[in-house]
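Two complexes follow with chain A in common, the first pairing it with chain B and the second with chain C.
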Partner chain A sequence: MLSSWRAQLLITRIALYIASALIVVWSVAPFLWQVSTSFQEDRLLSSPTPNFLPWPGTLDHFYNIFVEKQFHLYIVNSAIVAGLTTLFCLTIGGGAAFALARLRVYYHFGILALILSVSMFPQIAIVAPLYLAASSLGLMNTYTILVIIYLSLGLPLVIWVLFGYFQTIPREIDEAAIIDGAGPLRLLVSVILPMSLPGFVTTGLLAFIMAWNEFMFALAFTSGVERQTIPVGIANFTNLYYVPWGDLAAASVVVTLPLVLLVLAFQRWIIQGLTQGAVKE
Partner chain B sequence: MAPVSLRSVTKAYGAFEVIHGIDLEIEDGAFVVLVGPSGCGKSTLLRMIAGLETISHGEVEIDGEVMNDVPPKHRDIAMVFQNYALYPHMTVAQNMGFSLRLAKVPAAEAAEKIRASASILGLTDLLDRYPRQLSGGQRQRVAMGRAIVRNPKVFLFDEPLSNLDAALRMQMRVEIAELHQKLGTTMIYVTHDQVEAMTLATKIAVVNKGTLEQVATPVRLYERPQNLFVARFIGSPQMNILPARLAGVSEAHLADGSVIALRQPAALGDGASLSVGIRPEALLLSTDGPLGGRVTLTEHLGGLTLIHIALTDGTPVVLQAVGAPTVAMGDVVRLRIDPAGLHLFDPDGRRIAAPNES
Partner chain C sequence: MTTLPSVGLVAGSRRSKRLTQRSRAERWAPLLFLLPAALTLLTVSVYPVIDGLRLSLRNTMLSTQEDAFVGLSNYVRLTADPDFWSAWRHTMLFTAASTLLETVLGMAMAIVLYETFKGRGWVRAAMLVPWAIPTVVTSKMFGWLFDGQHGVVNWLLMQTGLIDGYVNWYGDSQTALLTIIIADVWKTTPFMALLLLAGLQTVPHSLVEAARIDGAGPWQCFWSIRLPLLFTTLLIAGMFRALDAFRIFDLVYVLTGGGPADSTEVLSTLSYKVLFSGLDFGYGSALSAAMFITEALIALGFGLFIVRRMRRDNG
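And now, the complex of A and B:
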């Protein structure tokens, strides 16, 4: 009898490992295939049986995208747009969430619902009106219009998540800081922000990824390599007669790397228990 | 160091009034404890002094200056919260120095002040730690350090010991009392624990339902409670309150028919109803006492024993005896009353003062 629960425990554990392995394979396999594709010769890519391993390998695709297709220009555009979007999302979103969570704002749940409803518009429905507005304001083919649009798409999530974070910080911390002589801005920057750093990092990453990957608005509002972002740039690779799978894969690998590195770099900030020890729970 | 005075201070949320015009004078260097049951408004009162709540009517004055419209940081006060409210991302030293940093005190001077405060509170070795690395008592000490480093005119404490366990609470109580002696600063302390109030205060203000019931020194409060509420609230175990009827001017008849002789004539007419309050330690076991009852429970506390007795009509009373008297459950006992612990209250709950009482 004694060994039966041990056996059960073992089976449970093995099942858990298998399940985890399946999830890892499920999420990583497409990316790995992409990586593999980016190193394969066109000859192999168009052969009837697909190859999983890039053998013999080649760097042609990377050479193509950077030297012939000026892919780095798209990367710079994307970095500027996504970086500015993240920056404004966090400053404006942080301020808004702080005001909603801490200041005496009437109907703050109504305001929150309104903010959330913005993100429920079908995006395809607002492209045309925005296009008209942007062109009459002379904002076509600028970073500004993209940042404005991404900001409005990213803010609801940022405000909601940060609002939740701020709500978990005990009021007494605010009051202690107020008595210590902190005004609202100082309170936000020196006390609330460091205490909700995981929230800022998480929402900042999400806003960055959203702006980095967005395709439809970028396609509609930009028209040249000097302003087009990565997704549009990659779409430009394809022409009427030919889909350069290898170049597409190489570009995807190149643009995914910064995101992976960002998440890894900020991973240590996405930790729990940062508020531990502030107050008696 | 500064006196604090409250004049007809009122707090209302819309039409709902929670503090009904409180007058309180707090002398320079006093240790005043606001005590009362939860929800009585004592914390609200403290927060109004701190400037965390607005004052609906009346005035709060600190050091001769009306503070109604002065923001907290300019009131020259410091506050210690029940749940410590430390900044978790700052070290002990940074926590204590935050207010100095905001006030742009030069770094060297600030470091010196932090060092001095830390040594008063025994925090010197913990200055580089984070709050999460400290025990409950140490955290509360840091919260106090954050207050004393600013050398404020008034310290405000909002139930600072309620989150600590019993042993630590006692130790911190002593430390707060010593701190007051060392610094001599005016302190206002809110608690619902009457033991803390009795041991710490130079003056206790008993708050109930948004009004002051009585303001007096701990001893006076215990010996001369002005009304039934204070009589019940101060003292542990509680004062025994027995309904009675006056017969003549110097006898009180209890519900069970027993008669208590009053030393002083009561200022009420013959047949008036009144409440007789007897401190547990003023009830004495005595073979020829006027009261009789049956022991229902004895609690031995070591040096003291609490004897729970049901009077002949079933009314429960508690007797506190020194040592461990030999009574057992079910024993029939007689009780007499030490006049020093006997208090009379009129039907409205107000104290009936003896003629020689000041």
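And now, the complex of A and C:
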């Protein structure tokens, strides 16, 4: 009786490990294949049997993207746009989330729901009017227009996640600070902000990833390597007669590796930040 | 609350004047904090939607400088446009298939991760990788994986005997939409799983324990306790997923460009082409307005269902 129960437990354990191994393979294998591809010569890439390990390795693809395709220029553009977006998202979104969570605002759940519904708009619906507005204001092909658009795309998420963080800080702390004579701004900057630093780091990372990865607006509003961001650069990576899979893989690795490392480093906080909306139910 | 008046009494008149100043500041502070975000969202997200509706009633062409009010004629043209209806069908099919697959697979992954075992943290971390990768990179990555000649997927399927000839996945109108669904499921399922896992963890452990003592097996525990309690979370997650899937642009634009033979054209890519290749801003705006309406209907459908469900749960 006992041994059959033990056997059942063992089988469950083994099944669990197999299932989680499958999940890891599913999640990581395509990217690892991309890494391996980026170090393989074109000759190996077009052989009938794929080579799983990049041996003999080559750095040709990395040379191609940086020297021939000037990939670093796209990286600079993306870094400027995503960095500025993150900065503005955190200051503007942080203020709004603070007001909604801590100050006396009527209908604050209604306002939150409205903000969330704005983020569900089909983005293609705002491209045309924004295009006309940007043309008449002379903002086409500038960092400014991308930062403004990404700010409004990122704000709903930033406000939601920071609102959740602020709610976890006990209210007694506010009351103590107010009695000590702190106004709302002091309360935010010297009390709430230091206490929710992990929240700001996570939210900043989410905003950064959003801006780093955005494609459609960057495609519509920029032209030429001096303003285009990484996704547009990668999308346009095609040679006339064949698809340069090796170069594409190299570019993918270069732009994704920093994100993957950041995400792995902050994974606990990110999961907490992203899922708290679902837990609130 | 109760401390403030007593402080005022002790401090005398000068202190109380400062207090009224402060309360005035307190009244305006929330507005000042909310203003920048509200202005941004109103000018960059809300106003363009309304302006888009105005444009959809005009025949604005960027190529010919035409720009006049034409009433509902763009919408009349829309109802008779086979390209629009075919893109509408592809979008709905993609939305339904990807949402369903991602919810079911995500649930399965969440159940695995709900158990405690060594290395669970690593599995959860690995699951964030597909979510963090830019969609454009995902498209190119799947372009390479599913390549008709040298793709590793074809090779693997041949080796295991599942296919007996190479499939030209996204180069064939029969399988192109399927390839896009697979790529989307790869990218989004792990994230869905993490959301559902967070939901699962809120189900009180005592309930499951009680059922177990009454002799319920793990399956029974899942079907009759966890799933019903998780159902609302599942619906909400499904709704957000469906609304997001409906807007799909990047994957299609980069992987197939809507082809071959328009077999993967979706509403976002069609609108984009009408806007920026045809420069037909009037008709393009009518197209995106139609998208907006469909999206609102999807949200409404889910919303009604969720509210009904919540009412039943609470009363």
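Following the convention adopted for this analysis, the second predicted complex is superposed on the first by the 259 of 281 C-alpha atoms of A that agree within 3 Å, B and C clash if a C-alpha of one lies under 4 Å from a C-alpha of the other, contacts with A are read in each partner's own complex, and residues count from 1 in each chain.
As a working rule, a residue touches a chain if its C-beta (ideal position, glycine included) is under 8 Å from a C-beta of that chain, and two chains touch if they have at least 3 such contacts.
These figures come from a predicted structure and were not determined experimentally.
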item: Which of chain B and chain C A:195 touches, first, second, both or neither; value: first
item: Partner chain(s) touched by A:34 [first = chain B, second = chain C, both, neither]; value: second
item: Touching partner for A:179 - first (chain B), second (chain C), both, neither; value: both
item: Chain B or chain C, by number of chain A residues touched; value: C
item: Partner chain(s) touched by A:213 [first = chain B, second = chain C, both, neither]; value: second
item: Which of chain B and chain C A:260 touches, first, second, both or neither; value: second
item: First (chain B), second (chain C), both or neither touched by A:7; value: neither
item: Touching partner for A:170 - first (chain B), second (chain C), both, neither; value: first
item: Chain A positions touched by chain B in one structure and by chain C in the second; value: 179, 274-276, 278-279
item: For the chain A and chain B complex, residues of the former touching the latter; value: 170, 172-173, 175-182, 186, 190-191, 194-195, 197, 273-280
item: Complex interface listing, chain A residues touching chain C; value: 13, 16-17, 19-20, 23-24, 26-28, 30-31, 33-34, 37, 45-47, 49-50, 92-93, 95-96, 98-100, 103-105, 111, 115, 117-118, 120-133, 148-149, 151-152, 155-156, 159, 179, 183-185, 188, 209, 212-213, 215-216, 219-220, 230-231, 234-235, 237, 243, 245, 248-249, 252, 255-256, 259-260, 262-264, 267-268, 270-271, 274-276, 278-279, 281
item: Chain A contact footprint on chain C (complex, rising order); value: 3, 7, 22, 25-26, 29-31, 33-34, 36-38, 40-41, 43-49, 51-52, 55, 109, 112-113, 115, 117, 119-137, 139-145, 147, 149-150, 152, 155, 186, 190-191, 194-199, 201-202, 232-233, 236-237, 240, 243-244, 246-247, 249-250, 253-254, 267-268, 271-272, 275-276, 281, 284-285, 288-289, 291-292, 295, 299
item: In the complex with chain A, residue positions of chain B that touch it; value: 50-52, 71-73, 77-79, 81-89, 98-99, 102-103, 130-134, 136, 139, 146, 150, 163
